[in-house]
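The next part holds the structures, each set out as structure tokens.
Okay, so chain A shows up in both of these, paired with chain B first and chain C after.
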Partner chain A sequence: MAREAVGKGTFSQPSVLPGFGLTFGFTTFFLSAIVLIPLAALVSMAASSNWNAFVHTVLSERALASYRLSFGASAVAASINLVFGFILAWTLVRYDFPGRKFIDALIDLPFALPTAVSGIALTTVFAQTGFLGRYLALAGIKVAYTWIGVTIALTLIGMPFLVRTVQPALAEVQRDLEDAAEILGANRFYIFRRIILPTVLPAMLTGFALAFARGVGEYGSVIFIAGNLPFKTEITPVLIVIRLEEYDYHGAAALGCVMLSISFLGLWAINYLQHWGRRRSTATRR
Partner chain B sequence: MLAELRSRPGHDSLLGNLMRWMLISISLLFLAALLFAPLITVFATALAKGVHAYLAAVDDPNTLAAIKLTLITAAVVVPANTVFGLAAAWCIAKFEFKGKSFFTTLIDLPMAVSPVIAGLVYVLVFGLQGWFGGWLQDHNISIIFALPGIIIATMFVTLPYVARELIPLMQQLGNDEEEAAITLGAGAWLTFFRITLPKVRWGLIYGIILCNARAMGEFGAVSVVSGHIRGLTNTLPLHVEILYREYNTVGAFAVASLLTLLAVVTLVIKTLVERRGYKSR
Partner chain C sequence: MSITLDQITKRYRGAPVVNDVSVDIGDGEFFVLLGPSGSGKSTLLRAIAGLTGVDHGRISLHGRDVTHVAARARGVGLVFQNYALFRHMTVADNIEFALRVRRMRASARRERRRELLRLVALEGMDNRLPVELSGGQQQRVAVARALAHKPEVLLLDEPFGALDAKIREELRRTIREVQRELGITTILVTHDQEEAFALADRIGIMNLGRLLELGRPEDLYARPATRFVATFLGAANLVLAQHTARGICIGGDPVMALGSTTAPGGRDHEVVAVMRPEDIEIAPSRDELRSSFLGLGTVEQLLFVGANERLRVRLNNAASAGHVVTSADSNASEALLEITRTQHDRRNYPVNAGQCVTLGVRRLHVLATPLSSFTACASSAPQAQAISEEPLLVQLATRMKTRVSTRVEPAMQQAATEAAAAPFAGVAVINTDPGAGQTVQWLLQHGAEAVLLLPHNAVSPVRVLIHWLDEPSRRATLAVSASMLRHVSAEAVYIGILADDGEAARPDGLRALLDARSEAQAVHGLEIRTELGYGDVAEELTRRLAEMPEQLLILGVSDISVLTERFAALLSRTASPLLVVWQPGDPPQQA
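Presenting the complex of A and B:
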């Protein structure tokens, strides 16, 4: 016997399947209790401080220095990942070599590894006496406790995002188009520029945005290698923690709101890029 | 595709091969510096003073307390977020309603937010000066600087993991079997357990292990809400930090090696699930 359609008409479309009310209600409740209402507390705490104090905290010299570091290092790290992540994805998709499957599985390690572990490990490796740090020190490059160290940590963190978004896009490039172009006389660079790059561009940008957004908010893997000197090597999340430890809840909330707005922007940008990528790939499919 | 690559005419040129080896070398060097060096360092430093020192560091009461706390947190957070993920995936994948894509984006929100923010919001809600601070103090309940705070902050951070795997999977698999079951008279729960769950089992396992890895490894959010009280409110990642800052490098890396082994196990299970044909989006 057919069940009555669970029809709510105006909000949800009628369906044979049961459980909309229960699941939607539970999901909304859980989401609100755990995520939305606490985030509202953040905004309300920031809004309840007076405007001058808010601006003073958010635009102070120390805060601006931390934005420069957080955003700057994330941008540089995401750019490095754009190049090397692409090379990695290309190597994994188009070439075969011993250990390829192993390397492919390992790409996700920064994603699965706790940030504190990668933090202390990177610091030890790149310290002046470290395995790689000592060679860089010979070249006069100091990595640990500088913005370079921060950038390296963020590069590690962001790497899986770029490789994993570019890999499927590269696999999707139509090889018969490449062959046709080659037969018609195009050189490899032209093929790359006109056939491969346009297919993977949305994925590359999405990966960049993901790595950048992740890098801006990153805490655990950065605080060990950064040194956390105010105005010099202090990232914004560290500044928020310091404000909290000083019981300056309004200040912490103000900075938190800045980071939250960037997160929203990032989320919107990523959604847009993914949507663009999807439209493109369905358009080229025959 | 690789077999096709090898048999393609004209691609066996010297330049092509040179390019190939150059790119492979660059990739491997990049990974060696960024991934292998830290990995090897973890185990090398942990075992630097010998196996005895390593075992002593792991067997230490504070470490054992940290392990217990991490396990308890995961034991609460992972099932809760799994139930959430299943409920969210059911209502998003199987029904059409207004604002669905916005709703789906909201679920992704914790992934876009810094972990420090995740901790901060709970201090603002449950801390002394927070919304419920006074009430909690009157009733002698502590959430911040205690286990409940750690659990809820971890729940925030790991909320999307199971849902993100299940939603596209359920959308892809469609409603046909469930609708058939319902029209044949099966109850809702029977349909769910006998038809839906088996359909999505690999995606579910994938989401659960990722959620677990993140829950056990979370640092930033827990660092803000925990108070770092050794033996009481220290999870494994926080314990790593404390040992490291005390210059107890062997201890810090010994505990870190436990977490690294967890990450490796996660990756192994992940690879096994992918071999069964499940591909994360």
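Presenting the complex of A and C:
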């Protein structure tokens, strides 16, 4: 009996998926074909232009303004989502109310909608004659065709990322832990800070990173509400499209490279932060 | 008193989960709340901790009313079944959590942590994470954490549930030692009777939200008051017996065993006798029996269990004794007695399956319950069968671990004039019909101790109304009510009814109300609410029964002529089950 069992163990697959060699092969292939090779082409294209032209394109006043808007608005939008996405997820996980399932389904809508559609919808609502824009205009706040409009569009686009990453992490926080902390004398804020937050923080950072990355690359929903005024409401992707329309492929590639590097640096920084945070709270030592 | 619970009631969607629980727990006492899952014991513990509010009643810790005090301010420690350790914190941080919250200095914290780790035998584990510890070690950390802020009360919610047998025993010993060393008042919740015996100074047994019995483990085992406790604590044979002037009779012969008391004068009573498996003796003949003779039996099954031998023996005269229930199979209608004997006894008198033996009983305990068995009565067999299958009756019988027999009695319809073929015993059950008043009267006259009037498809009650028409019937009604309430998950309400015009009778009425309440509490440990009604008794009761269907009325009478007069309408039309208890008025009946 024992020998048979051992024999079986040796020949059976440890996992339902085929072995490491095969899976790793697929991983490299897909990453290469879909991510690495196109990106390399982009970089090589940018590198094939002459250095002065490259620097000129990349550091032009107009380009710098567009970076500021693109990355700034993405960061602000992701931060807004960090707070409100958490509250949304909390509500959905912790409370049962009529229509909960419906709201839960609504969260994913920005994923499914063509971004141009959300752009048009937002512009309709926030234009100065729009449903909400009218009242905001009375208060002296102009949304459409300003950086505020860009931020709102990016917030909408990024919201599901936050909610969907935080939701499962929150659901995993056991009620018993909160009960235990309360009996030990902790008040609600303390429980939130010391028990709940450390548990969901990694998920929140991941969500933030995803929302931020999505915001940087967003094009469709922004072009309508932003108005695309150079130096003011022109995001980098729009600038790239403009360069393309001018048949300035090298310029477009150069701008693309800059976006790529900044995005990569940003994502890497967040990942590092997450790793560092986890190590600090010692949760990775297993 | 360290912990005082006063009439704690907690409802969930209208139904009481914890039902009028009152108990005092002394300083340094180790109290175990024992009950099957769903009995409300964990809810009660959470209520004491302050994690669950209560709907009614008061909780005091060391004389301080904490009913409305937040959990964090109650000064209790709680250990959860699943440990509930903070996984992102080290053992040290977990234990110091309560101290950090209280802003204790780091050096003082460290000192206290060392002390606690020594107490639970986990020295040097400070920097481990909970995931790096075994289940038993994690629970030790949880105990240390719960004790960090020096709580006055330690609460343990099935702390050994997730551990294997050996670790469980080790941890049990640790907890007992820690409890002794600190002298901390402790409540432990468990469904494991062995655990309760091993740890408890006192055990409280809960079922269906009620605290059924309370006492030292050995007392509860030797002298349980209810069927539930008798079978839940260890194994027990429950046998229907007759309490007569000659003693306790099982199947005709009086068993004059120790522990049987003299019958209360007048009628014979059907009672429930408890025999522990180790109290039954088997011998080749009556002469060789060293205890009182029980009857002859046939060995059906032999089982070896380590130090003891377990036998199942069919009692030959059980046909008349009726019913034997053991805790092992609570619904077996066959009269099989469970017996255990030592290897020493086995060597002296080895038996085989199929062998005929003489049975004796060393100790016999008679339960105080007035509800012994149910007899479904009707004038035709199919009707009687239908009654015996009524869901509410089946539920009651299952919970009481008792029998429902059927009886066809054609004389029932004519009532009053003809006599029954044989006297009734226990509770007779009939369907509601227009002549119910007369039938009830007739059944009571022919030996039934109470009659349950059961409308078709009656629902399980959430409220039991209690009323007695005259003082002589008070005692019996309260006893029956207490017994009934232990088996249904319902609240008890005594209805006192004053005549409209009786301004003068008012003080008397109120006194009766208070008397009823204190007697229920003192004699039966039963908490009842009291409500006052006015006007005609039958009308008032009819009105209250109409309020909602999930009610049961227990009505005590001593003069049964009223059943066919003032109460005929109520009895024949009731939509709720109705239990009529008869306590014959004294002098004329005695003769």
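Everything below uses one rule, namely that the second predicted complex is superposed on the first by the 223 of 286 C-alpha atoms of A that agree within 3 Å, B and C clash if a C-alpha of one lies under 4 Å from a C-alpha of the other, contacts with A are read in each partner's own complex, and residues count from 1 in each chain.
As a convention for this text, a contact is a pair of C-beta atoms (placed from the backbone, for glycine too) under 8 Å apart; a residue touches a chain by one contact, two chains touch by 3 or more.
Treat the numbers as computed from the prediction; the structure is a model and nothing was measured.
A.B. asks: After the superposition on A, what does A:Leu177 contact: first (chain B), second (chain C), both or neither?
C.D. replies: So A:Leu177 only meets chain C here.
A.B. asks: Taking the superposition as given, does A:Val117 touch the first partner, chain B, the second, chain C, both, or neither?
C.D. replies: After superposition on chain A, A:Val117 lies in contact with chain B alone.
A.B. asks: On the A-aligned overlay, A:Ala47 touches which partner chain: chain B = first, chain C = second, or both, or neither?
C.D. replies: Neither partner.
A.B. asks: With both complexes overlaid on chain A, does A:Gly266 touch chain B (first), chain C (second), both or neither?
C.D. replies: It touches chain B, and chain C stays clear.
A.B. asks: Check whether A:Val55 is in contact with chain B, with chain C, with both or with neither, and answer first, second, both or neither.
C.D. replies: In the superposed model, A:Val55 contacts neither chain B nor chain C.
A.B. asks: For A:Ala186, is the partner it touches chain B (first), chain C (second), both, or none of the two (neither)?
C.D. replies: second
A.B. asks: Considering only the touch criterion stated at the top, classify A:Pro198 as touching first (chain B), second (chain C), both, or neither.
C.D. replies: It touches chain C, and chain B stays clear.
A.B. asks: After superposition on the shared chain, which partner residues are touched by A:Gly256: those of chain B (first), chain C (second), both, or neither?
C.D. replies: Only chain B is touched by A:Gly256; chain C is not.
A.B. asks: Taking the superposition on A as described, I'd like to know which of chain B and chain C A:Ile141 touches: first, second, both or neither.
C.D. replies: In the superposed model, A:Ile141 contacts neither chain B nor chain C.
A.B. asks: Chain A residues touched by both chain B and chain C?
C.D. replies: Overlap of chain B and chain C footprints on chain A: residues 179, 182.
A.B. asks: Using the touch rule from the top, collect the residues of chain B that touch chain A in their complex.
C.D. replies: 1-2, 4-6, 8, 10, 20, 23-24, 26-28, 30-31, 33-35, 37-39, 41-42, 45, 84, 87-88, 90-91, 94-98, 105-110, 112-117, 120-125, 127, 129-131, 152, 155-156, 159, 175, 178-179, 182-183, 185, 188, 192, 210, 213, 216-220, 223-224, 236-238, 240-241, 244, 249, 252-253, 256, 259-260, 263-264, 266-267, 270-271
A.B. asks: Okay, in this complex, where on chain A does chain B touch?
C.D. replies: The touching residues are 1-3, 11-13, 15-20, 22-24, 26-27, 30-31, 34-39, 41-42, 45, 84, 87-88, 90-92, 94-97, 103, 105-106, 108-110, 112-118, 120-122, 124-125, 130-132, 152, 155-156, 159, 171, 175, 179, 182, 213, 216-220, 224, 237, 240-241, 244, 247, 249, 252-253, 256, 259-260, 263-264, 266-267, 270-271.
A.B. asks: Looking at the complex, which residues from chain C come into contact with chain A?
C.D. replies: Answer in residue numbers: 49-51, 70-74, 76-78, 80, 82, 84, 86-90, 97-98, 101-102, 129, 131-132, 145-146, 148-149.
A.B. asks: Spell out the part of chain A that touches chain C in their complex, as residue ranges.
C.D. replies: Residue positions touching the partner: 174, 176-177, 179-187, 190, 194-195, 198-199, 281-283, 285-286.
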